Amino acid sequence: MSQQYSSVSGMQHEEPLLFEHAHEAPESISLPGVQADAPSSLDAFKRKKAANIPGLSEPETVRHFVRLSQWNHGIETGFYPLGSCTMKYNPRVNEQIARLPGLAHVHPDQPEDSVQGILGLLHELQGWLAEIAGFKDVTLQPAAGAHGELAGLMMIRKCLDARGEENRKKVLVPDSAHGTNPASAALCGMYTVEIKSGADGRIDLEELKKHLDGDVAALMMTNPNTAGTFETDIKEICQLVHDAGGLVYGDGANLNALVGVARPGDMGLDCLHINVHKTFSTPHGGGGPGAGPVAVNDTLKPFLPVPRIVENAGVYAIETEDEQSIGTILSTLGQTGVYMRANAYISAFGKQHIHKIAQDAVLNANYVLSRLKDKYHVPFEGLCKHECLLTDEWQNKHGVKTLDIAKRLIDLGFHPMTVYFPLIVHGAMLIEPTETESKDTLDAFCDAMLEIAAQCEAGDTQALHDAPLKPIRRRLDETQAARKPVLVWSE
Amino acid sequence: MSVPTDLRYTKEHEWVRIEGDTATFGISDHAQEALGDIVFVELPEVGRSIDAGEAYGVVESVKAVSDVYAPVAGEVIEINETLESEADLVNSDPYGAGWIIKVKISDNNADTDLMNPSEYESFLDE
Amino acid sequence: MRYLPHTQNDRQTMLDSMGMQDMSALFADVPSEFYLKEGEIGLPDALSEAGIVKKFINAAEKNRNAINTRCFLGGGTYYHFVPAVVDYVISRGEFLTAYTPYQPEIAQGTLQALFEYQTMIARLTGMEVSNASMYEAATATAEAALMARRVTRKTRTVIAGSVNPRYRAVTQNYLSRLEGDYVEVDMGILGTDLSKVIAEIDDTTASVIVQYPDFYGSVYDLVPLREACDAHKCLMVVAFSDVSAFGLIEAPGAYGADIAVGSGQALGIPMAFGGPHLGVFACKQKYLRQMPGRVCGLTKDADGKRGFVLTLSTREQHIRREKATSNICTNQGLMCTAAATYMALMGDEGLKTVANHSAAALDLLISKLPSHVVAASGAHYNETVLTFESGKKRDAFIAEARKQDIFAGIPLEKFDKTIEAKHLLVATTEMIEEDDVNALIAAMEVAS
């Protein structure tokens, strides 16, 4: 093998569960406050049995979690080309500013005059997101992408009801859609009908037309779609749905392909949720927190959730009531700390550089595609946007599946791509490099993929089936986990 | 792929064994193979009335989930409670210990949609 | 642009290798009518890193915060102590910059931390199982109501008027597009009479939702509620807004709750003007398959070593789609790691001390109240309602306190505008010292 990959086996530590650190709890951390016990009025309610939370000393706690952290792969560790997830570098300065006491230790119910600074930052971000996405206004309340979908569909529902069209309940969803789409529609009392994608993986206009009738409430679409290609007929699609009396919901999970280059709002969509933990580089944190603000056009603006941040002559206020609003969907204004990071991220690019996000993201995806397309089956020919889709069709002949390829990549030092999604192709491998990876990294990843393809052709596939061998754990038995679920530790 | 000759089948790959006015339901060998390792079977309550073609339960593997539909109408008289702890019986013995429910067949049953074993085998070949 | 590694040379080399002239070739599939002109988007000029720091410091200085004031605000968000270690652990790039652990072999760190979190939350709330987080308390409450509908196949939801009005509003909103009754039980201001709630439970009821300690900070016995739920086969949902209470007082599980939901923000997570916080969701084992959200489970790897994976994913949206238990996908994962670190540092003793100090501060405050200000009667944890002779007098006090940089409390009508404007919701934590209480009382005396 010519190529040297970054992965090596280093010193790894087994680390027991917290509950297995078998010793008596040391003296507990010293705590401030009124150094007294609770009043006797609470005596009747006291716990009869302690909760049995272990309690370790500070050095033990730090070592425990640092060891656990070392079993993880993060963007800071290495390449993380998870399709549809936009795993880009998370700037450290964003972490620093989000922790300023004047932002981190502010109570959400402080009087408005004591939070003008943070309200200003949030209001500014609202405006920027509307501008980048090409819409009129934005709500920051949704706590994640799926929550944004719910908010968007609630607004669509309310808008249709206001038009006297309570009966429209059909939500059209392409078969390539994220699973959150139908789940969100069901929560709104609507039902979904799947539209079969065309041979090129895009929405088929003729197929779409068949479903457009008086029952249609909305089309939910992702553009670029989950196959990584742009819906070139976007304008006509929106027009058809509008002509049929429905609205168009945009799933903004893939906004990274367009940011600063083109705007979904200009293409005819009625709203778009934005995953700031994707496009605007707030860290994923091993599964959150994210934030899912929703941008809307004039049609849906009256129905935005409350509370809303408004500005009047340089003074910011929080509006909590509005008759037309869909109401409230969270107990606070939103995931403010996440938005501080998003604001800082956009500030760093500004109008001079913002388009470079999409340009480099799309450049990188197409570059990877061009290097791999002769050795991996490409289901949909042509340009891709910020991510490229391959399948395991050619490797299947050698008894190798997508899962084997993914696990082998781990041994070579890379986080695998998204596997088995979208569902419209068999054995999908969706690769999203993002704009923050260097050409060297992309080349190393492509070399690894080509090496795997060559091993398949040579019939030298044992290492693929055995992989991964290098991490602290090998393939895990998911069947056992699901058959006899053990979700809590018992001594 | 095993297709026992004493059973009838549906296009959704369920089987039914009819004995007098009692019918036993399960999923076919083909179905269990397609789903992979079964981890959970959601069973209906005894006493529930089910129409032919109605979803009466759910079979789950690690990464897939499938409704199971009644081949004939009837009232649930017995459920295979062993599956609650040993769902893998559906994989290892789909036509035996992996049966799912038994129903008392309703009077007004038309079972014309059911396939005999040879019809089911050719359906599988399609 | 310092976040982008490519040089112009790199870009051109890559374009050349694909036979492309320039960047525009990459967007040939986007109709040209949609192109934005570079540099013409309505954003400000790019800032340097130093510029960003300056901008945010300036903005932060325009805010008052809990450190440079005396903060008696609660209502769902509390100023508890955050040990340095918690922030250090969640700043580790391996936790901070990882995705949801879909490739378990290289995410065992996140997964074991989630398993430890689930275990400790189950123990703290007295429940059998916990998920790996919801967004926050209000959506967690709404999800509990939805889960109860699935478990019982019934559609009526009864919620006590003593549940945080924001949790009620979100729950009502979530349920409003679905069939079935939603009943808010009017218990009157500061009402603690559960019999009014019990009277609304019937055989069509899927769940009854109460808060404990309730929105006004009152603590009372929930046993009668359990009996009523058993009689009508409905689920008992207990919400809470400050999980620190259960370091001291009996947890929801001890009263037989079927589902416990609430805010875990007290577990080492800063207030951050409303988020990100942590939604706790725990329930009985038998309802596990109807529980929303992600869960981490124990298993073995190919060599037989103990390991962890996300499990029971067939409940989730990416497999069950419209029939999923919830649409939730991204959740508050990092906040689980924060809470696990916090709980490990505290242990039973530390958690109990936090709760004792929090409750003791409130007790001290109540003991010093002048006669014209009345605290609610009954047992309270760390929050209560003070009632003034008039709205005018209350507002004079709030204003006087503000002059001395004290956030005295939240006017109750801010949560529910139907409530007369003379009440103040006041909360304490272990961050409130005796001189903070004295300053608050002094302001009260000046204003009276």
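Quick notes on this structure:
Note that the chains are named A, B and C in the order they appear, and that numbering of residues resets to 1 at the start of each chain.
Everything below uses one rule, namely that contacts are C-beta pairs under 8 Å (C-beta built on N, C-alpha and C of every residue); 3 or more make two chains touch, one makes a residue touch a chain.
Because the structure is predicted, anything quoted here is derived from the model rather than measured.
Located most centrally within the structure is A, per distance between chain CA means and the overall CA mean. Look at the CA centroids: the one farthest from the centroid of chain B belongs to C. Once the centre of each chain is set as its mean CA position, chain B and chain C turn out to be 44 Å apart.
Chain A and chain C have Cα centroids lying 20 Å from one another. For the pair chain A and chain B, the distance between C-alpha centroids works out to 39 Å. Shared contact sites, meaning residues of chain B that touch two or more other chains, fall at 39-40, 60-63. Counting only residues that touch two or more partner chains, chain A has 478, 482. In chain C, the residues that reach two or more other chains under the touch definition are 313-314, 319-320.
Contact residues on chain A toward chain B in their complex (touch as defined above): 420, 478-479, 482-483. For chain B in complex with chain A, the residues that touch the partner chain are 37, 39-40, 60-63, 87-88. Listed in rising order, the residues of chain C touching chain B in the complex are 289, 313-314, 319-320.
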